[in-house]
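Some structures are shown below for you to check.
Same chain, two partners: subunit A is paired with subunit B first, then with subunit C.
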Partner chain A sequence: MSSLQGYVDRRVLLILQDGRVIVGVMAGFDQKSNVVLSDSKERIYSIDEGVEEIPLGLYLVKGDMIVLIGELDDAVEQAVDLATIHAEPIPPIRY
Partner chain B sequence: MKPLGSVRLGWLCCLLFALDTMLPLSLLNAAQNKPMLVELKNGETFNGHLVNCDNFMNITLREVYQTNSEGDRFWKLKECYIRGSTIKYLRVPDALLDAVKEEQNRARDAGRGARGSFVSGGGNRGRGAISRGSRLPSLFCV
Partner chain C sequence: MRHNFCPLGSLIFSVFKTLTDQQVTVELKNDLSITGVLKSVDQFLNIRLDSIKVLDEARHPHMMAVKNCFIRGSVVRYVQLPSEHVDTQLLEDATRRGAPT
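== the complex of A and B ==
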């Protein structure tokens, strides 16, 4: 059975249906994939500026909205300077 | 036979979750009377204090500031009810995390004290309504 248990207390990256990217420590989850993130930040990508991180704190994201959850590699995270990264933002899902 | 099995599996999952991860709904329950920001799937946001919530994540807020999805229009509402299925996310005070964790530890320790080791108690789970009934309150009341 697939589970999010392995992500608990790890730093994870969430992509939401509206294209938002949120990183944080997964504090908990439930059967509907609702997720609690602590110390969370939104990463805003743009072409002409570096990545901007907006602190959000404690966040409860509904499972409905989540497209992807991935574990972050701390070593890689620390080696990357987000300010130097320019990228197209992820567009929201269209129905 | 099969439905019963899946029901048991459900209970087991609940138990495992309760052991060491925080359930989003326990966090929400603990957020009663605390300020929070709710964003709906349509982008509207609601800032207010949580009055009540249920297992569908339906919530009532009081002293609410509603903002449209463009963020350029505001409304003040005395109270409002939001259907859980329309919510995108909730932002709650940081301090709640520690409060809920502490409460979970307390509940678990109380459970241990009352009926011996939590793990060995788990072995009897499901055999009788008594063990099930006596276990749940301390686990799920936040």
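== the complex of A and C ==
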């Protein structure tokens, strides 16, 4: 079983179907991979400006919307200055 | 015979289970390609990868700090398998078994 159990209470990064990137601490999940994030922020990527972070607070993300959940390595996170990162946004899912 | 019936879904699930701890590349429907070590898979073909690397990292720095991830089966477009760890003949036989002749 490929469960999300190992991600609970960890800082995770979610990529959603529409290309949005959300980081937060995984508070919980269920069978349908619906996920609750605490202290979450959306990261907006653009070519012209550095990464912008929008605070979202406590967030529930429907499992259907989730593309990927990644565990964040805090050491790498702290070493990177998001303001210096310029990148295209992740494209939305196309079937 | 009923006991010979094997839905393709569970066959592919079994194939993935034999590939745990092998390196695979997963291409997603948002055009991201991620290489990593297959840690586990479930009946929806959700995939867990360890020691991941995104192809074309310069263009996709979004996952720089991500070391392992869970990918939803429904967004996978392709999985590149290590051919030396797949018994192609066995797979061919298994997929043809039960097909109308």
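As a working rule, the second predicted complex is superposed on the first by the 94 of 95 C-alpha atoms of A that agree within 3 Å, B and C clash if a C-alpha of one lies under 4 Å from a C-alpha of the other, contacts with A are read in each partner's own complex, and residues count from 1 in each chain.
Basically, contacts are C-beta pairs under 8 Å (C-beta built on N, C-alpha and C of every residue); 3 or more make two chains touch, one makes a residue touch a chain.
Since the model is a prediction, treat every value here as computed from it, not as a measurement.
Asker: Looking at the superposed three-chain arrangement on subunit A, would you call subunit B and subunit C a clash or a fit?
Answerer: In the superposition, subunit B and subunit C stay clear of each other.
Asker: After the superposition on A, what does A:8 contact: first (subunit B), second (subunit C), both or neither?
Answerer: Touch partner of A:8: subunit B, not subunit C.
Asker: Classify the contacts of A:91 with the two partner chains as first (subunit B alone), second (subunit C alone), both, or neither.
Answerer: Once the two structures are laid over each other on A, A:91 reaches subunit C alone.
Asker: Applying the touch criterion given at the start, work out whether A:28 contacts subunit B, subunit C, both or neither, answering first, second, both or neither.
Answerer: First partner only.
Asker: Which of the two partners, first being subunit B and second being subunit C, lies in contact with A:67: first, second, both, or neither?
Answerer: A:67 contacts subunit C only, not subunit B.
Asker: In the superposed arrangement, does A:80 touch subunit B (first), subunit C (second), both or neither?
Answerer: second
Asker: When the shared chain A is used to line up the two structures, what angle, as a multiple of 10 degrees, is there at the CA centre of subunit A toward subunit B and subunit C?
Answerer: After superposition on chain A, the angle is 90 degrees.
Asker: With both structures placed on chain A, which of the two partners, subunit B or subunit C, ends up touching more residues of subunit A?
Answerer: Of subunit B and subunit C, the partner in contact with more residues of subunit A is C.
Asker: Could you say whether A:59 touches subunit B, subunit C, both of them, or neither, answering first, second, both or neither?
Answerer: first
Asker: Given the touch rule stated above, what does A:38 touch, subunit B (first), subunit C (second), both, or neither?
Answerer: Once the two structures are laid over each other on A, A:38 reaches subunit B alone.
Asker: Just to confirm the geometry: in the superposition, how small does the C-alpha gap between subunit B and subunit C get, in angstrom?
Answerer: Nearest C-alpha atoms of the two chains are 13 Å apart.
Asker: Under the stated contact criterion, what part of subunit A meets subunit C in this complex?
Answerer: 1-4, 7, 13, 15, 17, 19, 21, 33, 43, 45, 63, 66-74, 76-77, 80, 85, 87-88, 90-95
Asker: Note which residues of subunit B are touching subunit A in the complex, please.
Answerer: The contact residues of subunit B facing subunit A are 10, 13, 16-17, 20-25, 27-28, 41, 43, 57, 84-85, 87-94, 96-97.
Asker: For the complex, which residues does subunit C have touching subunit A?
Answerer: So the residues of subunit C touching subunit A come out as 28-32, 34, 39-42, 46-48, 52, 59-72, 75.
Asker: Can you check the complex and tell me which residues of subunit A touch subunit B?
Answerer: Checking each residue of subunit A against subunit B gives 5, 8, 16, 18, 27-31, 34-36, 38, 56-62, 64-65.
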